[in-house]
Amino acid sequence: MSIQLTEEQQLIGQSAREFAKEYLEPIVVDMDHTGAFPADAVKQLAAHDFLGLFLPGEYGGADAGFVSFVEVVETLSRTSAATASILVNHAMAAYAINRWGDPAQKRAFLPALASGETLGAFAVYEHGPTPGVGPDALMATRQPEGWVLKGTKAFVRNAGVAKVHVVVACVDPAAGAKGLAAFIVRAGVSGLAVGEPADTMGLKGCPVADLIFENVILQDADLLGRLSDGRSLVEETLAMASVAEAAQTVGIGQAAVEHAAAYAKTRVQFGRPIAALQAIQTLLAETATDCHLARLGLRVAAGLIESGEPFLVEAAMVKAFLARFGSRFLIDTVQVEGGFGYSEFMPLPRLFRDIAGTTLLEAPAQFPDGTIAAALLA
Amino acid sequence: MAGIFVFSEDPALARQLLTPGLELKAALDQPLVALTPSRDEAQTLAGLGADRVVVLEGPGTPEALAPAVAALVAQAGVVLVGGTLRGKHLAAHVAAALNAGLTTDAKTIRAEGGRLETTRILYGGLAVCEESLALPAVATIPQRTFPPPAPTGASAPVEAAAVTADPRVEVLSTTPVAGEGVDIGAAPRLVAVGRGFGAKADLDLAVDLAGALKAELACTRGIAEDEHWLPVERYIGISGQTVKPELYVAAGLSGQVQHMVGCRESKVIVAINKDERAPIFEAADYGIVGDLYTVLPLLTAALKA
Amino acid sequence: MPNILVCYKWVLDEQDIKVRPDDLSLDASRAKGKISDFDRNAIEAASLLVEAQGGNVDALAFGTQALKLSVKDVLSRGPNRLTWIGDASAEGADAFVVANVLAAAIRKAGPYDLILCGEGSSDMFFQQTPVRLAALLGLPCVTFVQKMTWADGVLTATRKLPDCTEEVRVAGPAVVSVLGEMNKPRIPSLKQVLGAAKKPSEELPLSSLGLAPGDLEPRAVRGTPKGFLMNRRNIVYKESDAAANVAQLVASLKAEGL
């Protein structure tokens, strides 16, 4: 694979840029204030094939590949990382069903996910430290009437708006976090409730809530993959998502550094623009460089996903890198803009909160360094 | 017969064209001929330095006027056309008929070394460039680029020429542009509004300020053509009006070059915008960084005090 | 069902062009290409027309070899087929030359029922090409069109004039220039982007059009563009006290005699 984007990938990026300008720019400030779900923008995402971006053509997808996917995610995130989060979480469900679904499941769910008729959600986290071990862990128990699911999935993105969920449940209480399996759960099934929307720090507009299972009954046909696939399904889907989240982080960082650069050119202090100060130049140059290198790293990981090669280590590296440096993009750019950058009528505070959502949230839970070290030490 | 020909259906613009027309007449030693669709206006033009005036009698559609003018100017040295939409269509047709070059919206114009030298803007106003045209040459000229010449006291002969309709283009109906008939270009002071205003009702803040300044209200393309909050005759920019008032107050508009090209020859430009980085501040003499919802009422009050 | 041709120009995005402050020369080294803004409206108008009632849309462009970059872009926005003429001489071409080249290509590829162009290009904004093209092809031309419909070989269009709008009826073939307000060009979907690769495009050498040297010689020779010099005082009041800012501004305006 080439690290340069192909002409198609560039044009897809251009479409995403035009899309963001037309449909996201006008709503992004309000979304950040109200946290309202951008229903119209999501409809437009569907109309422009973004929701089925990497799904195969036979299920109505655009079959545009993962490199295009991360290019789109980065581009949308420059304007609205929250909208990109909705897309990424949807893509996690689509990815899992496409990768582990049997033909009947793919036929049943992928066309609607690809067309955007149904929005997807991927539910893995719980209130306990790892899935399957907390007091309200989601347990799936084999009963005569089928699989009975009881417990709570926490911080589920797209909760309440998704019509199809890929839900990770513990099927072996003795094995705890090692005894996981995934189920496809339609919204509206008996016993499933959506908790109160969580008021999050950033990425406002991407809904987050608990999914509460009170004896939801599912059948074997709802099981995604084999029981023994659960662990790798979770690991791989989260790794795919971490590449997409890295693209979000880079998009947010790029938006911040471009904003700060433009600011530095117009902000005059001591008789000259602050852009002339070396300290400012260093802050801007370092941020731009880190963004660029992270972009190359995540593009390589996306290329591996696209060609069906192992990518967990590369995904973990991107995640580990941005866990360390991602939030610095905003720390540095706020410093460039000083008091103005700190004001809520400038975009940096929103970007700051958003980048917290894309860099800090999951890295501690997943410990990417462990994945990388394990590969090195094997 | 060689000549410098000028045409505009807009009376004010027709008079303005005679100023560069007279300069070209002196430089090229060719008679100056004014073409007009209006018999009333013909008399005025005849007293402003034209050597001859031809009244174009018949339909005023671009496709009817264009071949009629092309026939009259077949031997022309230079044809100057008022840069209205009708004029631009006509000028392009005439240039095609003469196999001639055409400068669109010439800002300056002079004859030199047997060629016509003009300047015009490019890239939506970001840049200017010179164009050098072999004769015969055509140029369109925007409103208010030149002042009208002083009356000569003489009166040139007035003739008539027939214009026949183009049977291929049938006019089904004509709708006058709904407007208040305000001539924004003539207003000495303007308050211009842009997307910084969140709702149509908020424009009252600008109306109040305009009242205090004895100014007219103007706007960006978006306010007129996308939001329809103000009539299109009030919008300033490359495809709208070009103005040169003594004072231009730009409130809540970012100052995109496509807008600024319509107002950047104003004497004094004042910008009010909450984004310190907005390009309008580079194009302004005075600026206030702040929320227009706070600043405009204060400014209105201060001016009334 | 109309057979439509849309002409477009591939221009540098003016937002990427910087003016060098020392000598006012233009720096376009980081400027990307784009389909000229109003030509997108023309492409959209053609696409909407054939989506509503069938027919075909072809695209035609004259430019430098940079046009190659526009092939998939334009085909993702609706047209079924593209003919393009890439030649270095396009750099200095005026509307006289552009119209000669396009007319020659249309004589070769046509006939078309409707030929659509944007009102003017975002870079040069000549606003001449459609009218010149019509004159060369001996076709009627309706300029500055806001709205149009097509039925049974007849175009009904609303055009803008300085003081009014006119609804006109023209039997095709005809040339039409389209205003930006006519429509909102679509953003291509991913399937349209990927589908563009499957559509045919053909590069025609300029020499194949049978034009005489005089036809390719610009009548208006363009000099080197210079950035427009903004010479303003740039005094900005930005204290946190809005009333103080206003007081300073009022004092400044008084000093200006306003």
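A, B and C are the chain letters, set down in written order, and residue numbers restart from 1 in every chain.
In this section, a residue touches a chain if its C-beta (ideal position, glycine included) is under 8 Å from a C-beta of that chain, and two chains touch if they have at least 3 such contacts.
These figures come from a predicted structure and were not determined experimentally.
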Query = Which chain has its Cα centroid closest to the overall Cα centroid?
reply = C
Ask   = Across all chain pairs, which one has the most C-beta contacts?
value = B-C
Whole-Å gap between the CA centroids of chain A and chain B = 52
Remark   = The distance between the C-alpha centres of chain A and chain C, rounded to whole Å, is 39
Key: Whole-Å gap separating chain B and chain C, where each centre is the average of the chain's CA atoms   = 21
Query = In chain B, which residues are in touch with two or more of the other chains?
reply = 276, 281-282, 291
Residues of chain C touching chain B in the complex = 12, 14, 17, 19, 26, 94-96, 99, 119-120, 122-132, 135-136, 140-144, 156, 160-171, 174, 180-181, 218-228, 230, 232-238, 242-243, 245-247, 249-250, 252-253, 256, 258
Message = Which stretch or stretches of chain C touch chain A in the complex?
response = 69, 72-73, 76, 187-191, 193-194, 196-197
Key: chain A-touching residues of chain B, taken from the complex the two chains share   = 274, 276-277, 281-282, 291
Query = Can you list the residues on chain A that touch chain C in the complex?
reply = 7-8, 11-12, 14-15, 18-19, 22, 47-50, 53, 62-64, 68
Task = Over in the complex, which chain A residues touch chain B? Could you list them?
result = 262-263, 266-267, 340, 345
